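Please read through the structure below; I'll follow up with questions.
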Amino acid sequence: MFYTDNKLQYPVRVDTPNPLFARALQQAIGGVEGEIRVAMQYFFQACGARGNPKFRDLLMNTAAEELGHIEMLAHAVALNLEGAPLSLKEEMAKDSAINAVMGGMNLKNLLSSGLSAMPVDSDGVPFDMSHIYASGNIAADMTANIAAESTGRTLAVRLYNMTDDPGMKDMLQYLIARDTMHQNQWMAALEELGGAKGAFPIPNSHPQAEEKTEFSYAYLGFQKDGSAPAPGRWSEGSSIDGKGEFTVAKLGALGEVPDLGKAKPKSGAQSEQM
Amino acid sequence: MFYTDNKLQYPVRVDTPNPLFARALQQAIGGVEGEIRVAMQYFFQACGARGNPKFRDLLMNTAAEELGHIEMLAHAVALNLEGAPLSLKEEMAKDSAINAVMGGMNLKNLLSSGLSAMPVDSDGVPFDMSHIYASGNIAADMTANIAAESTGRTLAVRLYNMTDDPGMKDMLQYLIARDTMHQNQWMAALEELGGAKGAFPIPNSHPQAEEKTEFSYAYLGFQKDGSAPAPGRWSEGSSIDGKGEFTVAKLGALGEVPDLGKAKPKSGAQSEQM
Amino acid sequence: MFYTDNKLQYPVRVDTPNPLFARALQQAIGGVEGEIRVAMQYFFQACGARGNPKFRDLLMNTAAEELGHIEMLAHAVALNLEGAPLSLKEEMAKDSAINAVMGGMNLKNLLSSGLSAMPVDSDGVPFDMSHIYASGNIAADMTANIAAESTGRTLAVRLYNMTDDPGMKDMLQYLIARDTMHQNQWMAALEELGGAKGAFPIPNSHPQAEEKTEFSYAYLGFQKDGSAPAPGRWSEGSSIDGKGEFTVAKLGALGEVPDLGKAKPKSGAQSEQM
Amino acid sequence: MFYTDNKLQYPVRVDTPNPLFARALQQAIGGVEGEIRVAMQYFFQACGARGNPKFRDLLMNTAAEELGHIEMLAHAVALNLEGAPLSLKEEMAKDSAINAVMGGMNLKNLLSSGLSAMPVDSDGVPFDMSHIYASGNIAADMTANIAAESTGRTLAVRLYNMTDDPGMKDMLQYLIARDTMHQNQWMAALEELGGAKGAFPIPNSHPQAEEKTEFSYAYLGFQKDGSAPAPGRWSEGSSIDGKGEFTVAKLGALGEVPDLGKAKPKSGAQSEQM
Amino acid sequence: MFYTDNKLQYPVRVDTPNPLFARALQQAIGGVEGEIRVAMQYFFQACGARGNPKFRDLLMNTAAEELGHIEMLAHAVALNLEGAPLSLKEEMAKDSAINAVMGGMNLKNLLSSGLSAMPVDSDGVPFDMSHIYASGNIAADMTANIAAESTGRTLAVRLYNMTDDPGMKDMLQYLIARDTMHQNQWMAALEELGGAKGAFPIPNSHPQAEEKTEFSYAYLGFQKDGSAPAPGRWSEGSSIDGKGEFTVAKLGALGEVPDLGKAKPKSGAQSEQM
Amino acid sequence: MFYTDNKLQYPVRVDTPNPLFARALQQAIGGVEGEIRVAMQYFFQACGARGNPKFRDLLMNTAAEELGHIEMLAHAVALNLEGAPLSLKEEMAKDSAINAVMGGMNLKNLLSSGLSAMPVDSDGVPFDMSHIYASGNIAADMTANIAAESTGRTLAVRLYNMTDDPGMKDMLQYLIARDTMHQNQWMAALEELGGAKGAFPIPNSHPQAEEKTEFSYAYLGFQKDGSAPAPGRWSEGSSIDGKGEFTVAKLGALGEVPDLGKAKPKSGAQSEQM
């Protein structure tokens, strides 16, 4: 259950409104690396967390934090849009700067939402909830979260490098710091779950004796000329999960030429296929 | 550049066709944890890999492998669909088993593709390429790949537990083994990039002095009553990236009540908002 | 900013788990009439609310409530999935009841989320945030909210009529009551904004003198034979906004046959078009 | 059944082609507030209208009108694109005005459709038919239509304010007038269905005795500090549906901490969850 | 501009309502091979048709026909849904036939639309207007239309083979006949545009001297072992467009190993990439 | 099964990086006319090809080629993005050229992928695999492929006309040539399947005696005034499939006014509908 206090988690200030930066910030709201994604991902992972309840607690607590980040960014988008032109009228069109802004901003931020934020990315594409990874496997969920925060902090750093507005830089310094914590937080949770040697291969509940173990730690080459692809830590030494030794092999086809035979009558195929 | 030999990477055999299992297998083709996703993700990551070329090599080589997995699964789907009824006619409708199969299968596998595989998930939802995470940051890409293979192997294990068809179990044992390798492979690549202490926080090129460091390693509580959420590895000890110490704090609002003021004239708002 | 207490807003109890009902409940989570939609719609409307701050307050407060409804429904889905089979194995396939359940449930609830809720609808289609209507016009937003709660309560009533599980009926009685309130609440907000006569036509800030007023209150017929379509309140009497009188007319084409002329050279058209 | 006369419903004239305005007009075709949406929404509502046939008649008649609006807007888009550059060649790139236009227009309007309209919004996102609300409840449908025309007229007004092309202003004055009528028309239909007191709460066929009536007219507060959110018409007086009195209350959690217990064996969870 | 007469283009009768067949029919409404697709595709092609106006005429006339087909199918879906159960209640759940129907039908046809048709496919996935191919090249449009009617008639035949309801078979016999005509109609239009030798390669306005003609009629092999793939009409004889001779060759890489070099500073990459 | 040699199929060179052209090229990667579409379409058609195995061979061989085209274009996008600004900082914003570029480029190419290609179109919309037409009918598949290559070559020609970069023109000359071949190749395959007279109407396995033959070759007019639409090859002479004679007729409604009667109790409709 959720509560609000109608305040912002951290101050949001825009010194010089910039509609192009508003468009860029939309990626941090509705992009696949954005805050809706992490808020809803942690929320749904919490709702499906079976086993030790402290993971549900950890996830829902962080979901609450991320909801506040969406709110901050939505406010920042609206403040940046304050400077947007509303018109393409002729006298304005002569000013190429206005034209460039109008052409460069996300038009839905004006036409659909009246100079406010939307749950879309920087090109106006709406966020799609298929990006909420909540697998029912708590360790797989942690890997998805580390990935989400890694791309999320990368995005926040790019936004930070894009602007020199003091207010926006201050807000992004806060969000970047939180992404630092969240990367660490989910790695810490994975460590509680056994780390590389205990949690992997995920799911660790499946008996490895039932997989084709000759392929479990082999770096297979699919080079046309049969050569080995570039070697690395992945081609020799102990496997990271501590359960095998990396080997290298090229792979040729082990299976046959696939053949489905003829089509069934009345299946809508051509006569020649039957 | 790609080449083919028209054979399957590993043998695909279905002993007893089962249209419901065909539907389940579709998740491994067109689901967000499926093989189109990993094939295309590694492909696009390879195309954008800057820096040491061995990562491009590693990624594109594995993309080639995954393309072969899509092909195997597509063949398995078509073989399982061989047993599907084509009709709801009255004499057949009396047989509730036929009805259950017809109702339970993905109807597009019949109506759209004529008993063949499609790039859709187990509920008939088409795969959407926004799930191809290729960030331009090689370490962030590795975290996305570990996550993809973790949910991928979880899915493969669920499919394996769902069937007792010997052919299908054999194929899945191969795919599960490859997922084991790929989890390890991407963790190994991350280790080459410095591992937890060298690669994190991602991106490691951003100077941490420019983030609000008082929030970088704090586990913040967002509990209504101000209590601390459940403690764990994430709330004490050195941070996993080795650059800080975990602390715990509750967070109240640091920002103000957000206020956008009045709407602009001619912005399409109500008069009362202006 | 948001807070949680880790409890459910209202008790959620399932007496007899039913995986088919789990699938139906998914519509109330990730369907276009569902709770993610209203939670996020009120959230984004609040973030863009200009003018009197009490509307922001009203919207964000209700967003907090709806977040708790998602959580309740997600718990209900997981509890209903407790009864789901994990297998299509032969001995089980002989039991047509198991087959019907496996075929009838949303397979991603098993394969993707391990018997937990997902942000998808009853056919497994993910929620898409383009359904978040937040127009920047506070009255238009209220009409969208009345519509959302009207289809939402209709859905809740259909779910209520579908089950006889006492726990589920109790939960739905709560949610139906809240939808009653929310329909009334948004109508009340519209009344504060002037009601039918003050708020309409939306936006009320646009001078009606600048529209083609001869068409502003005419019920136009588009019948092939030129007859008038069925009369009703919409074809006579004062208009609901109090600013005109309804009239009836048939409409023939006022414009010309559209003709774009020839295609530009080098525009990729056929030679015959140039 | 539908017929055409190959003419435009109302004259469409563009005095000065403007590719940026073409992009903006796309929102009125393929945006969620656009004409495809209303045409198809009324069409499908008509097809599912049970009960008094005059509502089917009303809906299908208006669907025919809206199809003509799509045609008008598509013509307007193509006429505005007549001024678009086809090239980024170097001599042209020096002209920053050309660059601004090329960068600002929807590139698919050139690359995919050869300077013609498409069923996409102003940012090139295709319209998705999940926005067709046709609920099988005629009153709920009317609320969805009032909302559609409210956001639709808001969009048309924004487009009108954006241009000073006389032809485009004339066309938009017609469309704005029709939106005025349609807002009134659907409110009139709702009045025929009983208005606020007769039609609400929707669906009015559900016995209110079976909802938790103590929550049916209560404005609940979800403020962290337990304070009441801002009062208004929604917090006191008779409810708008005339069936209750508004009250105010804060809500604390009525339910328990949700706990799903352990994961099932073979469900793909980690061992630690079982 | 469009008109209606409120009647069905062809009689629609269902003798024995079958909710599973309703689900199958949804594919013909909202599937990618369905009637919304062709109606809207011809509509938008008409709106963008430059050059000889008879093609606009042909396209818009057929769009009007297809709108009537959507209406027929929507009526057929609603009639088939008349037999659907509304409940999963315990006494009914014992009847496995009811369970199979409830599990097999598209649940949104009940929950979202109250036993009416929706613009979705047979698995409940909404139609997405990106499938409207309107290229601005009239010959390319004709090829898209031949393809649409080919998959469309294949779908109609599959539906015809699936049912033995006399009313449904009669309706489908009409629709199949119209698809026969439409395949022929668009082939005839392509013939008017010059047929294989005049219209191809599309666009025929591009000077072939500016393409790499050594690759214009070569069937290239991409076999791992360098062997030629299976020969056919495509590997020898005159090309179908009459402008070349088919040849066969294997292709090895003509380009280099791609190398993007180092990442830019401040681009969000890892330090190791810079 | 697939192999790679890590080289490009054809040289890719960019003389003057142009971020706007990078955006345009994205359409050829992730647009509906792009290379992902054809690669995956031929791949899935191959996997479902029943009957003569040479068609599977032809399809999979060409799929391998198209995968190499995606790789070429992805490299071209990244090279063009080398010239992109990373910043909107004030000193740069004064330069309207930089602003125009930043506003005109696809921002996700910077924010999400760090100056690399993505599987999205020129407006940043991700490719959606519902565009993979693989019907199980080999002739219908060939029509879909001719259409794909016709719109594909049209797109490539538009890109070619848009640039004067010698490297890009050279690459596009190769791709245009391959599209010429592929148009011819699929027409040749259709000729092997019987051509217009043997393969059509598709599917040719359905007995035409079971369609309403009076409608099979009639060009029906849907004009409001009952006039015939513009005549052409489609209105007289032998049908293209050689199985009938084209005729012309106007069509009035053959069916009745559709009437669904009353809504079921407990179906969520209004009381007035029951």
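So that you can tell them apart, the chains are marked A, B, C, D, E and F in the order they are listed, and the count of residues begins at 1 in each.
By our rule, a contact is a pair of C-beta atoms (placed from the backbone, for glycine too) under 8 Å apart; a residue touches a chain by one contact, two chains touch by 3 or more.
Here's who's who by UniProt: A, B, C, D, E, F = Catalase.
If you're wondering where the values come from, they're calculated on a predicted model, not measured in any experiment.
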item	value
Copies chain E (Catalase) and chain B (Catalase) - interface residue numbers shared by over half, same or different	different
Most widely separated chain from chain C (Catalase), with each centre as the mean of CA atoms	F
Between A-E and D-E, the pair joined by more C-beta contacts	D-E
Intercentroid distance (Cα basis), chain F (Catalase) paired with chain B (Catalase), Å	26
Whole-Å separation of chain centres (CA-atom averages), chain C (Catalase) against chain D (Catalase)	10
Junction residues of chain A (Catalase) - those touching two or more other chains	1-9, 32-33, 47-48, 53, 56-57, 61, 64-65, 68, 71, 75, 78, 86-87, 96, 100, 103-104, 112, 114-116, 120, 123-126, 128, 130, 135-137, 139, 151, 154-155, 157-158, 161, 202-203, 205-206, 222-224, 229, 253, 255, 257-258, 260, 263, 266-269
Contacting residues of chain B (Catalase) [partner chain D (Catalase), same complex]	154-155, 157-158, 161, 224, 266-268
Touch list for chain A (Catalase) against partner chain F (Catalase), complex	16, 18, 20-21, 23-24, 27, 31-33, 96-97, 100-101, 103-105, 121-125, 151, 154-155, 158-159, 161-164, 222-225, 229, 253, 255, 257-263, 265-274
Residue ranges of chain F (Catalase) in contact with chain A (Catalase) within the complex	1-6, 47-53, 56, 86-90, 93, 96, 99-100, 102-104, 106-108, 110-112, 114, 120, 123-126, 135-139, 193-194, 199, 202-206
Chain C (Catalase) - residues contacting chain A (Catalase), complex	1-9, 30, 36, 40, 43-44, 47-48, 56-57, 60-61, 63-65, 67-68, 70-71, 74-75, 78, 112-120, 126-130, 132, 134-137
Residues of chain A (Catalase) that touch chain B (Catalase) when the two form their complex	3, 5-12, 32-33, 53-54, 57-58, 61-62, 64-65, 68, 71-72, 75, 78-79, 86-87, 114-116, 125, 128, 130-131, 133, 135-137, 139-140, 143-144, 146-147, 150-151, 153-154, 157, 160, 173-174, 176-181, 183-185, 187-189, 191-192, 196, 200-203, 205-206, 208, 210-224, 229-234, 239-241, 244, 246, 251-258, 260, 263-264, 266-269
